[in-house]
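A, B, C, D and E are the chain letters, set down in written order, and residue numbers restart from 1 in every chain.
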Amino acid sequence: MTGDISQTAPILELDHVGKAFGIVVALQDISIAVRPGEVHCLLGDNGAGKSTLIKMLAGVHQPTSGEMRVDGVPTVFDNPRQALDKGIATVFQDLAMIPLMSITRNFFLGREPTRGRFITRRLDMKKANEIVHDELNRMGINVRDPEQAVGTLSGGERQCVAIARAVYHGARVLILDEPTSALGVHQASIVLRYIAQARSRGIGVVFITHNIHHAYPIGDVFTLLNRGRVHGTFRKAEITETEVLELMAGRRDLQHLQAELARIPAAAPPGAAAH
Amino acid sequence: AVAPAAAQVKKPQDVRIVFVTHGQANDNYWTVVKNGMKAASDALGVKVDYQAPASFDVVKMGQMIEAATASSPDGLVVSIPDATALEAPIKAAKAAGIPVVVIDSGEDQVKPWGLDLFVGGGSEYQNGLKSGEILGEAGVKEAVCVNHEVGNVSQDQRCQGLSDGLAKSGGKTDVIAVTLDPTDATRRIEGYMASHPNVDGMMMLGTTLAGPILQMLDERGLGGKLKIGAYDISPEVLDAISSGKMLFTIDSQQYLMGYLPVVLLAGKAMYKTLPTEAVRTGPSIITKAEAGAVKSLSEEGIR
Amino acid sequence: MTMGTAVPAEPHSPQMQPSRMRRLVSRALRRPELGALGATIFVFAAFGLTAGGSGLFSVLGITNFLQVSAQLGILAAAVALLMIGGEFDLSLGSMIGFSGIVIGLCVTEFGLPLWVGILAAFAAAVLVGTANGILVMRTNLPSFIVTLAGYFVLRGLSLAVTRTLTGRTQIPYITKGADEPFVIWLFGGKFATGLFQWLGNIGIIPLRPDGVPIVQGLPMSVAWWLAITALATWVLVRTRFGNWIFAVGGDLQAARNVGVPVARVKILLFIATACSAALFATIQVLEAGSADTLRGTQKEFEAVIAAVIGGNLLSGGYGSAIGAMFGSLVFGTVEMGIFYTGIDSDWFMVFLGLMVLIAVLFNNYVRRKATEGR
Amino acid sequence: MTMGTAVPAEPHSPQMQPSRMRRLVSRALRRPELGALGATIFVFAAFGLTAGGSGLFSVLGITNFLQVSAQLGILAAAVALLMIGGEFDLSLGSMIGFSGIVIGLCVTEFGLPLWVGILAAFAAAVLVGTANGILVMRTNLPSFIVTLAGYFVLRGLSLAVTRTLTGRTQIPYITKGADEPFVIWLFGGKFATGLFQWLGNIGIIPLRPDGVPIVQGLPMSVAWWLAITALATWVLVRTRFGNWIFAVGGDLQAARNVGVPVARVKILLFIATACSAALFATIQVLEAGSADTLRGTQKEFEAVIAAVIGGNLLSGGYGSAIGAMFGSLVFGTVEMGIFYTGIDSDWFMVFLGLMVLIAVLFNNYVRRKATEGR
Amino acid sequence: MTGDISQTAPILELDHVGKAFGIVVALQDISIAVRPGEVHCLLGDNGAGKSTLIKMLAGVHQPTSGEMRVDGVPTVFDNPRQALDKGIATVFQDLAMIPLMSITRNFFLGREPTRGRFITRRLDMKKANEIVHDELNRMGINVRDPEQAVGTLSGGERQCVAIARAVYHGARVLILDEPTSALGVHQASIVLRYIAQARSRGIGVVFITHNIHHAYPIGDVFTLLNRGRVHGTFRKAEITETEVLELMAGRRDLQHLQAELARIPAAAPPGAAAH
């Protein structure tokens, strides 16, 4: 845990930032930095404030105290559009999809490809459909029809669309709030590969997950949130997988936890016992 | 059922007459017109249709006149609340060869537009003027005009007439805008009376609100203080006039505006006859002397 | 900076566990009716300043705007429940006219006693409400369009039936021959008459020449208003059914998935709304003594306004009956209050619109301050 | 049975990959306007049976209901976009009255040319639309209540200003002295006059005694109706802005989160709606030659009905402008068609309500069959 | 893979059941059985039809072909209420929560505890609040105020409420559609313990997850769905963890998958490499 000053300059920085909803203080005194080419894992229990934190980075919420800096310049995002314009793309935990709209229209919402100019400027739906079809195929999702309403997709399919969209549009920072939670084994591995690719392109990634098997292989920096406060930031070199798991469990007694997990198969059902 | 069938150009059962007016079917005034129309149609055996926009809407009315023209009736009966807006459709009907009779309002347009006949009372403004003069004679200094349709030209003209008529004897007039809801209307009037204690006269532009208003005045002990006039008749109004709670009401005998055009236009279709001069049905002022006599007729919807 | 220090996790940071007191306050501030209360206070203050001396706040003036608010409030309470349940009822106004006609025809044409007429009106309301509800649930059509049919059909039926039977569009003298003082008092009478007589005797209320105070009591509609608001609030806050109302309005599919009988809830709400229309009609008929096919025009609209002013969400799932009560009070007071300010009647609508907007903005401001500020 | 056998996974089960043809059909069947088309066909069939020989389907009759539908349709197209965007505009009807008054006053009181008056009306519309939009977005209040203020204020202003300036509530003879034939033709004239004259000459349209066919052409409002529906459809289906409209109506927060400029979209929608009211008013003023403070009453309501009949969702996020066109056609045809069937006008509203309901039920049935059946 | 007839009779059975949405065939020819005291894991790729299947069991969708049996009796659930009345409680993937309503009201929605009788019958909010507070505490969630709106909870907190609700109300069958997807390590382990407890009480459990570490320890029977068809049902005794993982990956080449996962840390970022 030594301060390493020689690193690349951060793209995004939070400096003693806090966020309150009325009397509920969701975040307090948060300082983190997102650097290019680095995967920054946010760890923490349910309700620790991870989603609230990334919503500030994405321009959905505005901090109630402290300062946010983009490329070192103090910035306030009034809305997510401004964050997007700075190249910060986000996969929100609730996915931010319009159920009644088609996959393609959701995919390009706010960033529609157009054809022609001035008065004849129009959506290029053919191209858009093709892009969507290809991008989803790359993720192992085979949609019947890109003009199908998103509301009829399965939970995992919908999440894939949201990830593909963010990856496609994300230019400098990619924020992923539990992107793999609803994904199958195959799709999840593809998403992890995507993250690795983004990192190697020099994109800064903020990655939230509760799955140690997703977090440890890909993360470079791990920040633990607990009840709205930062409880430590660690580089991968300084920490083992077990320690990360301990962080993820909110520093609860891991022994206890593992004992518990071990107990489970022991409680075999009467039916199974009759075997 | 009136004349030997042989002489007829057209049989009564083939005759169809269409009314298009600005009065909603559920307005008390126009319902009497309709009753007259119905009576005439039953008597003669001719077919009649009545059509009016659901709210005061002259443009819709113009479109209805066009629709009527499309169904090529043997006669068209219209009211003209807005001459400019209705000029084209009525002239088109006339041009299509349909005889047009004007009722209620629009007497001034009959001659210039080459229409066939007018059946109705005096103009709204003239009636209003008359009401103002009567109230003035009764000693009213400050009157209110209870208008349930602010913005409707004919109602506005009645209030304007009242104001001018009362001004002749030095009185002044205020307009109270109300709705047709009896609670809203009575409470507004009550509020107005409370803040204007000098009001001593009132004109109601219809009979719908008469009952609740009279009851409210009684309750507040204002009953005898006010000289009240109204337009049109209803059993409640007539009773009030009989018992002296109201002074008078202006009746246009609108039953005739429904009855006569049917008879006359049927005549036109069957015998090619039509009067040449306007038929005046009003105004007739009903006071205590006549009130009792017409009450039972009013209950039947004839007056 | 990147390398943080691991601080031991505090089990309870003080900010995350606000005190019981603050929690109670914050809970009170979260109530939907709070903003409406603010708007009410604002409206009274505004009229206190502009129309203070004009009699608006005399006994007569107060009775006056209370009566207007009360009648609207009876509808608004039911409409608020329906709105929380995520539906509309456009046929409300027509149902008022129709109920009045049913009572009138029963009494004057068929010679039935008043109470039978009133029962018939409520029976009709239950029928119409059931039809609305079943149609909405069966067809999945928006209630806007289903009840629109009721809006036209009921108004048309009132007219056609009345004209066929009586040749007119008004039915006068409904209460004249009735020998049912209790029924008439219950819907169209006054309560607290003793109190008002006493107030008159001690000179607080002016007396008429015949010794009766000019205001003889509060109209029964005020009692109905309070009773129905209390009932609606009880249902919403304290019963399972109330819970279900919030649920079907908040997310119909989720409510169905956890086992709420959504169809039953919505049908009952439509019935309640239609019955409030019947009650409104009964009160007006017994107060005015007559029925008219045009009664109730635009009331569906005013009731929704009152409910929305009172903080009920148009999109459903949130609101309160007490809010609707304040909303009716705001609307009724503004409507009557403008009269006392002596504004020319041509400008009436301009001021009505502005006052409603300002009241709602104030409502909104109060609610926002309460839930977000600090 | 519990112990299954592992079957090798088929890469493409045939059911999961419907043919291209079926996909196209299914996509067409998913369009929101399909049901409205069904309803339209139903209405025409119904009137063809009951009023076939009465002149409804004569050239004059068709022109007549087309004109009624067209005027409503101009509003309905804009209202459909606004509804898809998740908002309402109650001030629409008042805006119609107000625009007409603006044109009338400019011409008759201030002696300005007609086109300046029309420009002024549109400028007023842009202002009102902006105000509505900004208020809705700034305050997060439901548009119902914000535009309600406009509903009262604009109607009141029309009345008060007109009366102050002219002493009346009607402004006649607006087009009388105007020497602007193009402007008058553009909004209040007729097109396809040559065609109709020719149809008259060859005897398809009856001629008047003076040799002119009884219908001289289609009113320009029909052309405006088609043009505006086409424009609205283009915007919805083919532009980014259209995409945004669906998004803000479908889920405001999600749309904002992916970077849609929600405030701009909604404000523009309110402006478009107000402008459609101004266009409607211009057409009526130039056709009728007069303005009246009461014009446009209830149009906000009829436009929503037309849009809903046309398959637009009241809750936003789904619908089409072509659907709104069919909806207006259904409403206009029913309204005028009942007249030709010779039904007693007392029963008019009953039938109007039933026809609207049946049309919508049919719409619903068609849509359901199309998307679920098979 | 021998047919074992001696087992306890199933509570729920699907017999060659199919489900189509318009032209989309989501499920085809499905036959499964849920037995008391047994955890039945549904495995399959995203979009395989798992959620559609459990929605049929829960009464949300009705089968378009085939037969469903409850206790051996052919049954059609017209709505979820009928399933609940038979003791079948479900945690849906979309959680079925009303965001504007309080936690307590959501928890008891449709099953409200009341006090008093007839006219004075009313909600017992005090008791309800206490139960909710305790149940959530047991799951490791510390809500500030059970009357708080569900919409203000974090994704994981919300999921915990839904699980606690189903466990509390589920009498005979508990259906869990990816219940642990948004949960922290601690909360997830508690949910697994709950499942084990339910099993030992003789409740039949249907459990959907994409996490092998959650599925294998607790599952007794594994059914693989693929593109809307059942591709095999296996008892725990017959199958290893790796085989289950292979099933979960949709029988894709596991070697390939693991190679892929292994590649990820290799693609270390330039910043990290500078360490």
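Following the convention adopted for this analysis, a residue touches a chain if its C-beta (ideal position, glycine included) is under 8 Å from a C-beta of that chain, and two chains touch if they have at least 3 such contacts.
For each chain, UniProt lists the protein as follows: C, D = Xylose transport system permease protein XylH.
Note that the structure is a prediction, hence the values are computed from the model and not measured.
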Given chain B and chain D, the chains that contact each of them: C
Reference chain A; chain at largest CA-centroid distance: B
Comparison of C-E and B-C by number of C-beta pairs in contact, larger one: B-C
For chain D paired with chain E, centre-to-centre distance based on mean C-alpha positions, whole Å: 47
Whole-Å gap between the CA centroids of chain B and chain E: 72
Euclidean distance of C-alpha centroids - chain C vs chain E, Å: 44
Distance from the mean Cα position of chain C to that of chain B, given in whole angstrom: 35
In chain A, residues with contacts to at least two other chains: 4, 7, 21, 24, 94, 144, 235, 250
Contacts with two or more other chains, residues of chain C listed in rising order: 16, 18, 155, 159, 163, 346, 348
Contacts with 2+ other chains: residues of chain B: 25, 34, 150
Of chain A, residues touching chain E in the complex: 4, 6-8, 21, 24, 35-39, 44-48, 50-51, 93-94, 140-141, 144, 152-157, 159-160, 178, 181-189, 192-193, 196-197, 199-200, 202, 210-213, 217-218, 220, 235-237, 245, 248-250, 252, 257, 260-261, 263-265, 267, 269-272, 274-275
Complex interface listing, chain B residues touching chain D: 25, 34, 47, 49-52, 54-60, 62-64, 66-72, 82-88, 92, 95-97, 150-153, 156
Residue numbers on chain D that touch chain A, as the complex places them: 16-18, 23, 27, 234, 238-240, 242-244, 246-247, 250-251, 253-261, 317-318
Chain B - residues contacting chain C, complex: 25-28, 31-32, 34-35, 147, 150, 174-177, 179-184, 187-188, 190-192, 194-195, 207-208, 211-212, 215, 219-221, 234-236, 299-302
Complex interface listing, chain C residues touching chain D: 139-142, 144-146, 148-153, 155-157, 159-160, 163-164, 304-305, 308-309, 313-315, 344, 346-354, 356-357, 360-361, 364
